[in-house]
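In what follows, subunit A forms one complex with subunit B and a second complex with subunit C.
== the complex of A and B ==
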């Protein structure tokens, strides 16, 4: 960092290179030291989740070192994975998340294509509007939506509250604006010559979209898919407000509301459930990290 | 021109006498409009309409039968809890965003400093808090903060420090919710800043080094000006998300002790869904709008400006 000043004080000696590299090495060591500190800070909760999940209840309530496992056991995992209630949560979460991904893609990919390539009246305003929608948090909308669903039941007799499939209506409001937005960015970066060439060859818009845009913008599509999946999987407020009975709950809410029974906290099981709930996003992240990060940074930098 | 080339074969292949409707349906702008129609419907029905509807809801009485004007708001203004929530929401959001930005900036620098080979691994590891669903990781924190089995307090006891009432005492509870929020959010800042750092041309640093700038001057005169845009937009994004945060406060303290850690979202949930007073809950959540729209205006301005430059 003080290469220049080092050169100044000890001019024109071989020593200079030595001190520079020593400086560099020192800076590097410092960087690694702080990275280790921050990594400990960032990884402590998940690691502690894992530690607790392989403990027995006796060990959890014993007055021993909580950071160490003396008698590791998989009892918590066995118990949760064979509990029909927990498997229902898992199934609900999986169905909801996968369906939301499909719905999101069906809505946002054609819309992004139209907004990025086929200029029509109000298309620029609509693109900005989509982005604005992304900025409206769900915490602002859940109360009116709750009332709307209740009114809808009174009018049509179709019950939407306390039905897991009603979440399929709610989650797209969180995923579609962002996915449309980043797909607009990806589509806009495709050279115009490509679709003009296809038009010359007599391709129609559907063919341009499916044969050219989707394959070329596949990385963006994967990033958007990952985003939609992780957002739906992690969503907590909507299911907490809209679903109540145990067979309708999704995983995050199910763990929070059913595993905590009154004042009895079965921490071994809660941590196991939390870890299993965190597993799908973590696995996706582990395998598709670059797409995940691309989607993350695209939101703010593509615009 | 290109459109004409497209439509000719299509029209020739189609029915002999193309009806007006069919011709209209084949027009580019109509196709485009139909493609965006699901998006428009979704946004109109499930975002715009509820947003406006909550304005209407907030003016009704508890049983939602009678129009009461602004008396819900007047009622809120008279309640001490409301002002506490306002204060806590602002403290929570502003402190958390500042610390997220600082930690993100510092960590991004350290990751940027080490050899490129190892950066991927570190980046991957440091982003884990962002990947875990917040509800799940907050449960882990809740367990780490447990009044009788807190693993942190066990460590502190080893150093002779008294047990800390992480979620039981107002001051510490406020600290805890901010800590968890910072833990979840700073990796996002780290990723954004790292991407921005990579885009600063190396020549600028070389030029600064030749001019004798020390590391602090290089950050202040080169890095920060080059990253100003991304710093601002990330902070504004995060301000919106943090201000509207629900999961962390709800799971960690549920607003307690005695409503001291409630933010707008959790208090609105408490009143509107759990307390059954939907209009009052809607009124509470509407108070998020001013600060959110200010942040949104700044973000939009930035995006439009960059759009014009491109």
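== the complex of A and C ==
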């Protein structure tokens, strides 16, 4: 009955969606509904962080509507950005993350090339092994790693603990396996004839990698780069365990350790620091988003 | 310019022998086509010449130099692949000049050679495009251009036309022939299409199960096949094979196909066939184009017989007719004016100058 009346009314209404079928419209409505729900779910924390960051400490602790700003103030931002400690954290984070990205790419791109193209004894096992390494969580790794660093100091006298540059050894244990795995998937999707054509054209393996594989697999390379950067920028456990003095800390740990004094939480500045800390990955995403999405989807089917 | 020799070349993959000891001499400037059904080892042979596959046993020699352990980049050969294998991120110009740039040729020399090749292939206006902006035929031209600019000793083609549609394939076939006439480089061309093989080749190498069945000019393969495989593979529609028996009739011989049909053997072949009189296991082979409608004064050694037509397929310029002889289907090509009708008899003529007798056990043509 309702279906019949609906069928009668359809031709009367102006068609906004061309020939879109009703099934498709339903699917779209559902998609939008869930998209909105998820957007609210995921955007609420950053919005709340932003609101808190432009409040004064008095207002934060006052018993008023926490979702409204009565006296907006940039004091938290001014204070953080003029504090040398915060800038040190920021600098440490930037150096560590960029270096880790470089180290990761220098290792995982050639490794992926070798594992995907040069058939040698044990290459398949090695490729699987690389991925299995990634599956071991860092929460299991940090204690043995700490022990290893201590033993290393006992043997060589070189101190690795509480040195920010020691993070350059630690983060690649997380980033290299995953990036290698992504790149193996990418390189494997390049047709074999392409390297054979390059071989016939007189290229050696290094030239095939740099002049054919890297340009062709650029979206995957960018996806891997973003991943490596995000992982190292947001890494919390390793710096928390391995670095302690204020001049060696990176941003996430620095904010937590210096802005929480005993049981006093300086919420305004914590939120400001977190927002400022989230800015660099956000900016990188914004620029490389298109590549990143292409990279993730291709990796999904080929990996 | 180069001579390529293969001596007893063998390729074994883990448990299968893809190429089983083949010998082949390719002369300078020659256009040789390797043809055969899929899995016959023709592509593997080509890839061994290119250096993309190791040679398990035997020798590959180019201009007197043993090539077995020379890496592909030092063999000075250029290859055109079935899927073109153009570098997707480079323009046509960059694709074609890639090999020269790797060898650090001077810029103006590169430009001159690319322009020259582009002119030969008629792709001058495409030089700034990327491969994804090209059609299949244009990509194929670029792939050929990439080979030509290198001015290599040998061109290798690995089924270069299989990805094109039928019409374009014919066009590009002519194109390849034209290019070869211009640049005159020794060429090895692999295909599974016998028409391509016949039209392009100076000499055709027919391969089957990792071995060479026969090497010869297109005409030799057509008129004097050495084996049953070659006889059946070359020519379309393929040759009719019928079990037969040789009988002595006075001084001459005749081939008996059924109780009703027996053809006299042309006198010049009598001596050749006489040892096989009376024995079994012989096949009579005759191509469809050599079985026509009976014509008044139809020429030398035409034997007439009656056939009851089961199927007719008019093609316009000719009509294919199908009938049975001793339970075996036979295909013949008759004139469209011969009055061939399904379900009715037709007087046929077999042109016995073109007949073949084949030993069924060995597959050799007698």
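Note that in this section the second predicted complex is superposed on the first by the 253 of 303 C-alpha atoms of A that agree within 3 Å, B and C clash if a C-alpha of one lies under 4 Å from a C-alpha of the other, contacts with A are read in each partner's own complex, and residues count from 1 in each chain.
One rule holds for everything that comes next: a residue touches a chain if its C-beta (ideal position, glycine included) is under 8 Å from a C-beta of that chain, and two chains touch if they have at least 3 such contacts.
Note that the coordinates shown come from a computational prediction; the quantities given were computed from them, not determined experimentally.
Asks: Is A:193 touching anything from subunit B or subunit C once the two structures are fitted on A? First, second, both or neither.
Replies: second
Asks: As a test of reading the superposition: which chain, subunit B or subunit C, is in touch with more residues of subunit A?
Replies: Tallying touched residues of subunit A, the top partner is B.
Asks: Please indicate which partner A:107 is in contact with in the superposed arrangement: first for subunit B, second for subunit C, both, or neither.
Replies: In the superposition, A:107 contacts subunit B only.
Asks: Just to be sure I read the superposition right, which of the two partners does A:144 touch: subunit B = first, subunit C = second, or both, or neither?
Replies: Once the two structures are laid over each other on A, A:144 reaches subunit B alone.
Asks: Considering only touches as defined above, state whether A:212 meets subunit B (first), subunit C (second), both or neither.
Replies: Second partner only.
Asks: Using the superposition on chain A described above, determine whether A:123 touches subunit B (first), subunit C (second), both, or neither.
Replies: Touch partner of A:123: subunit B, not subunit C.
Asks: Looking at the overlay, what does A:202 touch: subunit B (first), subunit C (second), both, or neither?
Replies: The answer is both, since A:202 touches subunit B and subunit C.
Asks: Which partner chains sit in contact with A:288 here, subunit B, subunit C, both or neither? Use first/second/both/neither.
Replies: Touch partners of A:288: none, neither subunit B nor subunit C.
Asks: By the touch definition above, which subunit A residues appear in both interfaces, subunit B in one complex and subunit C in the other?
Replies: Touching subunit B and subunit C on subunit A: residues 196, 199-200, 202-204.
Asks: Which bits of subunit A are touching subunit C when the two form their complex?
Replies: Residue list for subunit A touching subunit C: 191, 193-194, 196-204, 207, 211-212, 215-216, 218.
Asks: Given the complex with subunit A, which residues does subunit B contribute to the contact?
Replies: The touching residues are 2-3, 5-6, 9-10, 28-29, 31-33, 35-36, 38-40, 42-43, 46-47, 49-51, 53-54, 57, 64, 103, 106-107, 109-111, 113-114, 120, 122-137, 139-141, 143-144, 146, 149, 151, 154-155, 183, 187-188, 191-192, 195, 209-210, 212-215, 230, 233-234, 237, 240-241, 243-247, 250-251, 264-265, 268-269, 272-273, 278, 281-282, 285-286, 288-289, 292, 295-296, 299-300, 303-304, 306-307.
Asks: Could you please specify the touching residues of subunit C with respect to subunit A in the complex?
Replies: Touch list, subunit C to subunit A: 50-52, 71-73, 77-79, 81-83, 85-89, 98-99, 102-103, 146, 150, 156.
Asks: How about subunit A: which of its residues touch subunit B in the complex?
Replies: It is residues 1-5, 8, 27-28, 31-32, 34-35, 38-39, 41-46, 48-49, 52, 60-61, 65-67, 106-108, 110-111, 113-115, 118-121, 123, 126, 128-133, 135-148, 169-170, 172-173, 176-177, 180, 196, 199-200, 202-205, 230, 233-234, 236-237, 240-241, 252-253, 255-256, 265, 267, 270-271, 274-275, 277-278, 281-282, 285-286, 289, 292-293, 296-297, 299-301, 303 of subunit A that touch subunit B.
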